[in-house]
Structures are given as structure tokens and as C-alpha cells.
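Two complexes come next, and they have one chain in common, chain A, joined by chain B in the first and chain C in the second.
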Partner chain A sequence: MSNIHLLNTRKSQSSEIDSILRNLMSIQGVSAAAIIDNDGFVTHIHRDSEVNTDAIGASVQVVFGAAARSAAHVGHHGTNMVICENTEGYILSTPIDAGFILALVTQRDALLGRVRFELKETIPVLKKLFSSYLAN
Partner chain B sequence: MHWFESQLLALNKLADKYVVSQKKPAANIVKSSADMRESRGQFIEAVQALVDNVSKVKGIAACTAYHDGLILAHSKQALNIDAFGAAVQESLHAAQQSAEMLNLGDIEQIVIVGTTNKVAMLSVGPLMLCIACPKHINLASALRQDI
Partner chain C sequence: MLQNTKSDYQIAQQQILEGIVSGEFEIENRKDLGPLIPIRLFQALRMVALGSNVEDILGQGAPSLVYHSGQSLGLAMGKIAAANIDKDLETYVGKIKMLCRQLSIGLVVPDRVDLNAGVLELRVDECVSCAGIHNVSAPICHFEAGMVGGIVKTFFNRNVKATETKCNALGDKTCLIRVDLM
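For the complex of A and B:
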């Protein structure tokens, strides 16, 4: 495969990842959608207000890791989603592939079922996109 | 066919279309992702439209849609949506167990009638559509009314 073809494939995959985040942002109450790598760095983000991306990235990785460890302590293997319910809203985080996590920040008026449904349906697609993206 | 039946039929078709889009072999991941997103968007929009329309019907107290017992869409007048969702999920679970014992097949509808109100739960694709109204309302004829 030529380098130009690989470059075009990566570009279209990256643009599709952006479209997915934009689509998640269109859900009522969602204020930020981010993809965070294994080290807690934000690789893609869409947000409707100023948020500290470094802080979000690091804390989502820490919270997800802690939740996964506590799940393992009670014999639950494989954490599919972590939901933090806060006074002002929710933070939902879901693993994608190779340590990447999709995180959504919502306001209190977000419909949890709507956001969770969209996340659950989006993850298999993101997994495919990421495995192909990382392989190229 | 009245508006509710035809809208419900359209919704089921959109749910099927979405399932088909998920199962399509993905030679082009980007295109299949965009197709799935579009089908899902159409399905969710149709769910919200149906919920809005049902809640306009005279005599209907509230209309909501749930996924795994969590709220996905609701009419403006819906109250206690989280508690309602938990009850829906529990009812579905009990109904599924009974359906299995009685060989009924997949659950299509559950109706709970109390002394003052009643709730109808309809399975639509991966969701449960719930319609609440006072006990004396005949839901079938109420939903035949033009909105």
C-alpha cells in the first residue's frame, strides 16, 4: 500500500472520529466529548465551553483505572463503562482499544439512557476505527 | 391504519434498518460508521417524535422511552422518570421470565392496570415505549384520535 493511500485512509478515519464526537455533542446535555490515551492525554476533543483538557484526561484515566481495579476485586472482569454522577452532571467513560477511553461530560439535564445508548452503540465502531488507525 | 400504528410501524422499520446497518460487512469502516450513525439518528428522532405526539393525545398523562431502564426520551409532563424506568425494567424482567415459562416468545407489550392509573409498555427495537394514563381511558381508542 502506498504512503499516500495510507495517509488518506488515516485522514478519513480521523475525520470520522471527529464526526462521531460531534454527533455525541449534539445529544441534549452533553458538554464535552473526548478521547483520552493510555497516558491520560486528550487526543481528540469537542466541547462547548472552556474545560481543562489535561485535567480531564488525567482524571478520567485515574477514575477508570480505579473503577476497573475495584471491579476486579469483586471478581468482575472487564469494565465496560464508568458513570460518575455529580451534583452538576455526569461523566461517562468507556474503553475503546489499546488503553484509549471515550469520555463524555454532561450536564444534569442530560438523559442518561440516551447518552449511554449512544455510547454503547458507538464503541464497537470506534474500536474498529482505532484498531485500523493504529495498525496503519 | 391510524397515525399511532403507522408511526410505530415506521419506528420498527427504522430499528430494523439500524440493526441491518450494524450487521453489514464493513469493507469501508468510515462509510459503515457514518451509515450506522445516520440510521441510529433517524431511529432516535422518530422515537422522540412519537413520544411528543403520544403526549399530545387527550387523556394521556405521560409518554417515555427507556433503554435498559434508563431514560432516553420523555414528554414534558413526565414525572419520576428514574423510578418509572426502574419499574419498567423490573416489569420487563418478570415478564420475560414468565414468557419463557409459558413459551410466549419475545415480549411485545406489558400493561399494568392499577386502581387509578395504568401503564402500557411497548417494545420497540432495543427500547421500551411507556404510555401512562388514568385507568378509565381506553388507550386503543385514545391513540386513534387525530392529534
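For the complex of A and C:
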């Protein structure tokens, strides 16, 4: 059976996702919030400044995949979040469903614990939305 | 501080793409063996080096990398095809078809073009990546999907999402790539 998942971003429900991303953007220090599909394509994004969406989408998937693989090598299964700490801030990525990932980019002054908490609170909501999209 | 020097892979990439642009298929240091290779060698590079091996390291990130690689080639091919055609879609598609045939990537056939709906579907018959491969559980030509996405993106100058919806390796006899204009 094929595992193709076409997410129709023109659907009106798409605004619910946009609303969720907008809320995440209101957290202190968050400069971009994006949803990335299993091919590394950015399906939804809110950001403060211009971002190369093709490159960031593929990179987030690659980094998440590599981190999950390295975790599996030490017997850790089920990667829930990957945090990339940079001089200028953080990139946090979390799986949603069917290979989709929610990624947040922050500036250095972001409170990591707060961002992480909000991300964890958001995922169940997104999972529910995606399960209904993907079922249709 | 950002370095502005090219990596060795980027240098090689530039030379390969320049070779494609020139249309010159003869190649130095291959006096006896010539410019062509068996398709199985290409498939080994595509499905092993850029497939199962990458999957071993990147897991679910592998298709993204392969798609992105294909898109880079598609963007380069698009630039070649878009030169001096005055934005004429038919001419553009004709040049892409010819380029894909010359490079033995496959026989590209537009199956559906609905610009009002923002959807294009292109068939890739005799696809170089999956010819002779059977019994897979999902489409495997992420490289070709990315390539077609890059080609369409170049022409329309818009973000696109390309998805392989039929694959010869699934028993579909052709590869069908749907491109949604965003």
C-alpha cells in the first residue's frame, strides 16, 4: 500500500494550522514556526524574516532523521524532540504524524523551557488535526 | 564567520552542470570506456549510495535529501530550458523533454496541465531510477519528483510541491509526478 500523503493546503482547515503557528510565534524569542512534510517541503510557515524554505525544510528532516537514527543506535526508540543549540538561538523540531514535523526557530533570548513546554502542548492538537486531514 | 569558498563537491557539481549545459557528452579520461555507463551502475548509486545507505544514517530524513538533490538538478535543467524562450510553456516543456531524453532520465510526457487548479501531472516513462525494480511498497523515485518540482518551479517562479503518485516499481508501468503550485 502506498504511503503517499497529500496535504491539501488550500483547505479551509488550513487556517487552523496557521492559527496554531501564529500562537507559537507569539512566544518570546520565537522567530519562525513551520510544518514540514516527509519530503522536506514546508507546507505552512510563519516567520519574522526571509527564510530559504526549501533548504530549511530538507535540513530539518535530515537532522531529525539523523538524530533519531543515532538515538536508536544507543537503544533509545521514539524520538520526541530534537533541539539544535546555536550561538544565535535554537531550532526545535518535533514529529507530528505521517512524517510531518513541527519546527520552531528561536533567538538567543528565548526561554528554552517555555518554548519546549508550548511545543509539547501543541503537538497533540496538531496530531488530531492531521489525523483528520490524512483520513480524508 | 561565513566562508565563501566552494567545497570540492560544489566544484564537481559546477563542472557536471556546465557539461550538461554545453550539450557536450564526450568526456576526458574515458578514451576507451566512453561517456555511457550501465543503468544498473546508476541505479546502484541512486538506490544504494543515495538510497539505502543514506536511509541507514538519516532514517526518515532520507527522502528529503534525495528530493532536495533532485530539485537541485531540476533547477539547473530549468535554467537551461528557460533561456531564450520568452516564457512559452510549450517550448519549455519541449526542451525539458529533449533534455531528459538526451540524459536518459526518462521519457517525459505531460499528462495533465490545469493551471487554474494549479496542478500539473507529468509522466516519466522508462524512468532511469526504477526501471527493472519491482515489489516495493511505496513510490521510490523521490529524486525524479524533486527534479520535476525544480523544473516546474523554475518556469513559474513559485513554490511547488511535487509528489510521485504512481511508480513503475509499484507495478504502475510508469512514474507519474503531480506538481501543486503553491
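We adopt the following convention: the second predicted complex is superposed on the first by the 124 of 136 C-alpha atoms of A that agree within 3 Å, B and C clash if a C-alpha of one lies under 4 Å from a C-alpha of the other, contacts with A are read in each partner's own complex, and residues count from 1 in each chain.
By definition in this document, a residue touches a chain if its C-beta (ideal position, glycine included) is under 8 Å from a C-beta of that chain, and two chains touch if they have at least 3 such contacts.
Worth saying up front: this structure is predicted, and the values here are computed from it rather than measured.
Of the two partner chains placed by superposition, only chain C is touched by A:D54; chain B is not. By the touch criterion defined above, A:R108 lies against neither chain B nor chain C after alignment on the C-alpha atoms of chain A. Once chain A of one complex is fitted onto chain A of the other, the partner contacts of A:R116 are limited to chain B, with no touch recorded for chain C.
Between chain B and chain C, C contacts the larger number of chain A residues. Contact with neither chain B nor chain C is seen for A:H76 once the two complexes are overlaid on the shared chain. Across the two superposed structures, the residue set of chain A contacted by chain B and also by chain C is empty.
Interface of chain B with chain A (complex): residues 22, 26, 29-30, 32-34, 36-37, 40-41, 44, 65-74, 85, 126.
The touching residues of chain C, counted against chain A in their complex, run 56-65, 67-68, 71, 137-139, 142, 145-146, 159, 161, 163-165, 170, 178, 180, 182.
Residue ranges on chain A touching chain C, taken from their complex, read 1-4, 6, 9, 37-41, 43, 53-55, 57-58, 61-66, 68-69, 72, 99. Chain A contributes residues 12-13, 15-16, 19-20, 23, 111-114, 116-118, 121, 124-125, 128-129, 132 to its touches with chain B in the complex.
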